[in-house]
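For reference, chains read A, B, C and D in written order, and residue numbers begin at 1 within each chain.
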Amino acid sequence: MTRALSWILSLTALASLVLLVGVFTWQSSVIWQRDGIAYVTGHSWFYRQQQFGAFSLLYGSIVVSSMALLLAGPLGLGAALFIAEYLPQKTRLVLKSLIELLAGIPSVVYGLLGILLLRGWVYETFERFEPLSGDTLLTAGILLAIMLLPTVVSLSEDALRAVPASQRRAARALGLTRAETIWSVCLPQARRGITSAFLLALGRSLGETVAIFLVVGRQDNNVPHSWLSPAPLLQAGQTLTSKLGGAETNIAYGDPLHWSAIMGLGLILLILTGAATLLGTVRRERNA
Amino acid sequence: MRPILTLGLYLATAGFVSAAPLKINGSTTVNLPVAEAAEILRAENKLDIQVDTQGGSGGGISMLGDGLVQMGMSSKPVSEDDRKKYPQCDFHETRIGEDAVALIVSKDVWESGVHELNKAQIKDLYGGKVTNWRDLGGVKSQRIVFFNKEPGRGTWEVFVHWLYGSPKLAPQVNFPEVGGNEETRNKVGSTRGAISQLSASWADGKTVFALAVSGDDGQPVEPTPNHIATHKYPMSRPLFVLTNGAPVGDAKTTVDFLLSPRGQKLVEKHGYLPLKALAK
Amino acid sequence: MSEVPPILQIQKLEVRTHARLLLRNITLSIFEGEIFGLIGPSGAGKSTLLRSLNRLNDLLPGLYVKGDVLLRGQSVYARDTDVNSIRTRIGMLFQQPVIFPTTIRENVLFGAKRVLALGKVEQTVRVESALRESSLWDEVKDRLQQPASALSVGQQQRLCLARALAVQPEVLLMDEPTSALDPRSTAAIEELLLRLKTRHTIVIVTHNITQARRVTNSLAFVAIQDGAGEILEHGATKALLSAPKNPILADYLTHSS
Amino acid sequence: MRKAKDLLLGTLLGACLLATLAIVGGLVFAIVHRGWPAISVSFFTEQIRLVGADGGIFWNLIGTGILLVTALLASAPCAVSLALLERVWLRSPQLRRLLRLALYTINGLPSIVFGIFGFIVFVQWCGWGKSWLAGGLVLAMSMLPTVTIVLLERIAAIPTRYVEAAAALGLNRTQIVWAVLMRQSWGGLISGSLLGLARAAGETAPIMFTATIFAGATFPRAVVESPVLTLSYHIFILAQDSFAPAVGTKLWGAALVLLGLVFSFTLAALPARLRQHEESNV
């Protein structure tokens, strides 16, 4: 009885998740059949003209997420190292709990802070680079970095904790300084765990919706002419998620082609976040 | 405390009462008077009304067309395309007031001397052919930052209808998008060199300024109530609530209220022209 | 012997946690070239004492140390002492071999490379000499680039010894270095200890009286007295084991053999 | 030189921690500072008036509560089942690993995807329209992996000797499940659910297409076409569309209440998690 019931409920839960992937694949089939890979590589998205090229959205998502990771990664890792390697057990637990608490701040609250505080700050601070407004990819990247910080700290600290204390002790007994121990013992041995933490954070940042939606500017088709210049970061852009959370999702339902293009974005997002999370999870398993 | 009592009442009667609520969705422009009317109707007539503004006018039309709501709010007439798209729905428009789409600019643009634009200039602007305010009569050199109303918003449709005749004929453009009216006003007000389309009543003359627009005759016209009422200002637009067929039941109560003197006062309160101003 | 100053001098050492005294009034002298054994029942504080000598206890928060240890007359606990250089001069071997997840060669050089800043050639020389000293050279000379984790536990412990020797410490601390090993590996280590004695000073914690008799010159017996660890008796190994004066030690010896 | 490097790194890392705490802590402070003036009894007991400029967040709290209770009721039994499946019923290590990987991966999927899924399946296909049940189920899906993973960790931490002792008494697997595993992992289910709820309470993306509208909804009396108001959507809409000074304070107040809600869920789960932390460190 117990057994049958738990099988039934488990299978229901798993089936609904399989259905989720299935629905996105099936509902987006129209656009894949029409455009094939050009749907992903195409640069123009004009739904009134029935042009659906997801490239600029992909670009926006990846740029914003990498910026966030580039900012939050080193800072978060540094903080995690300090917590794991310098602080006594008690302080460590308190700080760790605090950081986990902060990791739960809802994204809509970050969005509110972003729209009311960060937008203006970016606009004024980067004035000499002539941003058109405060809604830029950079704004979204910084906001996302702040959101990711607690996650990065917490997961990196877990990874560092997984390095046995005996290893640290042995290194210190040889006369190595704390810094040398960190470089030669802790970081190399926690490498997998740390990259895993970054991958999980990347997955989370790719999927973040409402906070980005509020500050990214939602400008379609913004692909830079030059890949080397940092100027495009100070322009408005659009990410997969800001498109999915925006007005078009409501408008599109009922128009098979448009809807299928929207669902295609969902599928791409599923694949990206799924891949990052899966990779991160497998690495974490190996680290433990 | 009243909501708590109401909750108790609901809990007690849950399962017995199943009157369907009146659901309204659509334009943020029309939403202001309607939402306030709904508050009054909920309190005085015990109507169960839910108001949402997802997707703007386009959202209102499509959700009414799909039967997801019983009343739509729109700041543009229902187009033939929409009627074709939802053949099962008999869109019935009730005009509750009149508004105009203004082109609003930030303070620095206004102070730089740009107070009016003609149709050709606006076309260049929207088409991305001019990118500096100096080319549009500004004293200072300042890049133009165009915030475009997002798809589905009535404001945008009225704007391109006037400029190009139809949304389909509008050029493909890439501008940062803005949604609701307050968002638009805030972004334009806080950005140098900014311009956007916005309901004229929202142009406060302090943070954002409405430009005069010259039509085909070349005479610049400000979006003043008088000019809107007489349709001298080219981008004036009716404000509608939409129903499937003539309004009945709760929808009729709501529509009647909106057309009553009290309802019309709400329209006026939010800066739009009441129907009697149009009759003049 | 007494004319030569001791290499390690423990002076009125006291270790406590916030709540409890662990070691009371420890005073001992350890001389150059001898193997000094610490014996006593479990929980008496032998390991704590050993770790106080190179201040490894610093890594555990909540331990407070009073008194001092002198290494060749230099205070270990003085405020301006460089702890890391003290630990370099006093090497340590743990109960369980602690192997870093890298090659055999890198394990040997793990400390030496960083602490002594050796050049390329010197490194190679040092690897060989350290491994020869710990009698591991012949077994691993052909696979220095292989992961150290492939070695047997006994070999790993000798590798740890080689790693400690590679920084050329003046004193070696060993915390029950053979407790995780089988009899054959234990014998190998003990043999090694006797050979090392000529050039190194060793302080070893052991549970095994036979081992103590075989390898040490001097012994100290640590046991709990009035709730804290104390040295109840110390002296030359032979004298102490054959004619214990302290009744607790006598009792301990009868029950452990 | 070595000493200087040691000192430098320590300072640098300490600065990283301080910066992290300052940034995130500063944000919390900003919310508390701006939102506090809005907090009063009537803020919790009145409904929204004048498009957020007046009144309180009563129905938003009720709506959030309805969604959370629904999500909890839907996800908890599934979480227990999945955890038992992984720990007890599945015998193949490969299958168990696959299930674990799937759970962790789903845990990382973006909530907007769940929202759009709910929009298609519940709102459109089932014809519910915007409904509290749709939102509750979507939130249940998005919090299910969190709950299951915490529960799994808790069950895994039960010493095998208990299971062995029970088995030695002749109990079968079902009996062991009830007598040992379930009894000892209650805490895991509760702390897992609390963490899941903390996550769900703050979600906006999954419910904006499925369950929530801006104004007018009260207590749902049916499934079909019965949306609710929620705190997160309230903030989302006002953050975009209203900067009127009167709305401002109320808006920050709503953010503060939401933050308090999320924090209290997380804090309630903390003791159990700390205990497990200590156990796993031994």
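For this structure, a couple of remarks:
Everything below uses one rule, namely that a residue touches a chain if its C-beta (ideal position, glycine included) is under 8 Å from a C-beta of that chain, and two chains touch if they have at least 3 such contacts.
None of the values given here were measured: they were computed from a predicted structure.
The pair of chains sharing the greatest count of C-beta contacts is A-D. A centroid comparison over C-alpha atoms places C as the chain most distant from chain A.
Compare each chain's C-alpha centroid with the centroid of every protein C-alpha atom shown, and the nearest one belongs to A. With each centre defined as the average position of its C-alpha atoms, the distance from chain B to chain C rounds to 83 Å. Averaged C-alpha coordinates give centres for chain A and chain D that are 18 Å from one another. Note: centroid distance chain B to chain D, computed from Cα atoms, is 37 Å. Annotation for chain C: residues touching 2 or more other chains are 84, 114. Multi-chain contact residues of chain A (touching two or more other chains): 177, 180, 250, 253. Residue positions 2-3, 6, 208, 240 of chain D each touch two or more of the other chains.
Chain A contributes residues 1-3, 5-10, 12-14, 16-17, 19-20, 23-24, 27, 74-79, 81-83, 85-86, 93, 95, 97-102, 104-113, 115-117, 146, 149-150, 153, 177-180, 182, 200, 203-204, 206-210, 214, 241, 244-245, 249-250, 253, 262-263, 266, 269-270, 273-274, 276-278, 280-282 to its touches with chain D in the complex. Residues of chain B touching chain A in their complex: 54-56, 58-59, 62-63, 65-66, 85, 143, 145, 147, 150-153, 167-168, 170, 172, 174-179, 187, 190-191, 193-194.
Chain A makes touch with chain C in their complex at residues 88-89, 166-177, 180, 184-185, 188-189. Those residues of chain D that touch chain A in the complex are listed here as 2-3, 5-6, 8-10, 12-17, 19-21, 23-25, 27-28, 30-31, 77-78, 80-82, 84-85, 89, 101-102, 104-114, 116-117, 119-121, 124, 141, 144, 173-174, 177-178, 198-199, 201-205, 208-209, 232, 235-236, 239-240, 251-252, 255, 258-259, 262-263, 265-267, 270, 273-274, 277.
Contact residues on chain B toward chain D in their complex (touch as defined above): 1-4, 6-7, 10-11, 13-15, 17-18, 20-21, 23-25, 28, 31-32, 35-36, 38-39, 42, 48-54, 68, 179-183, 185-186.
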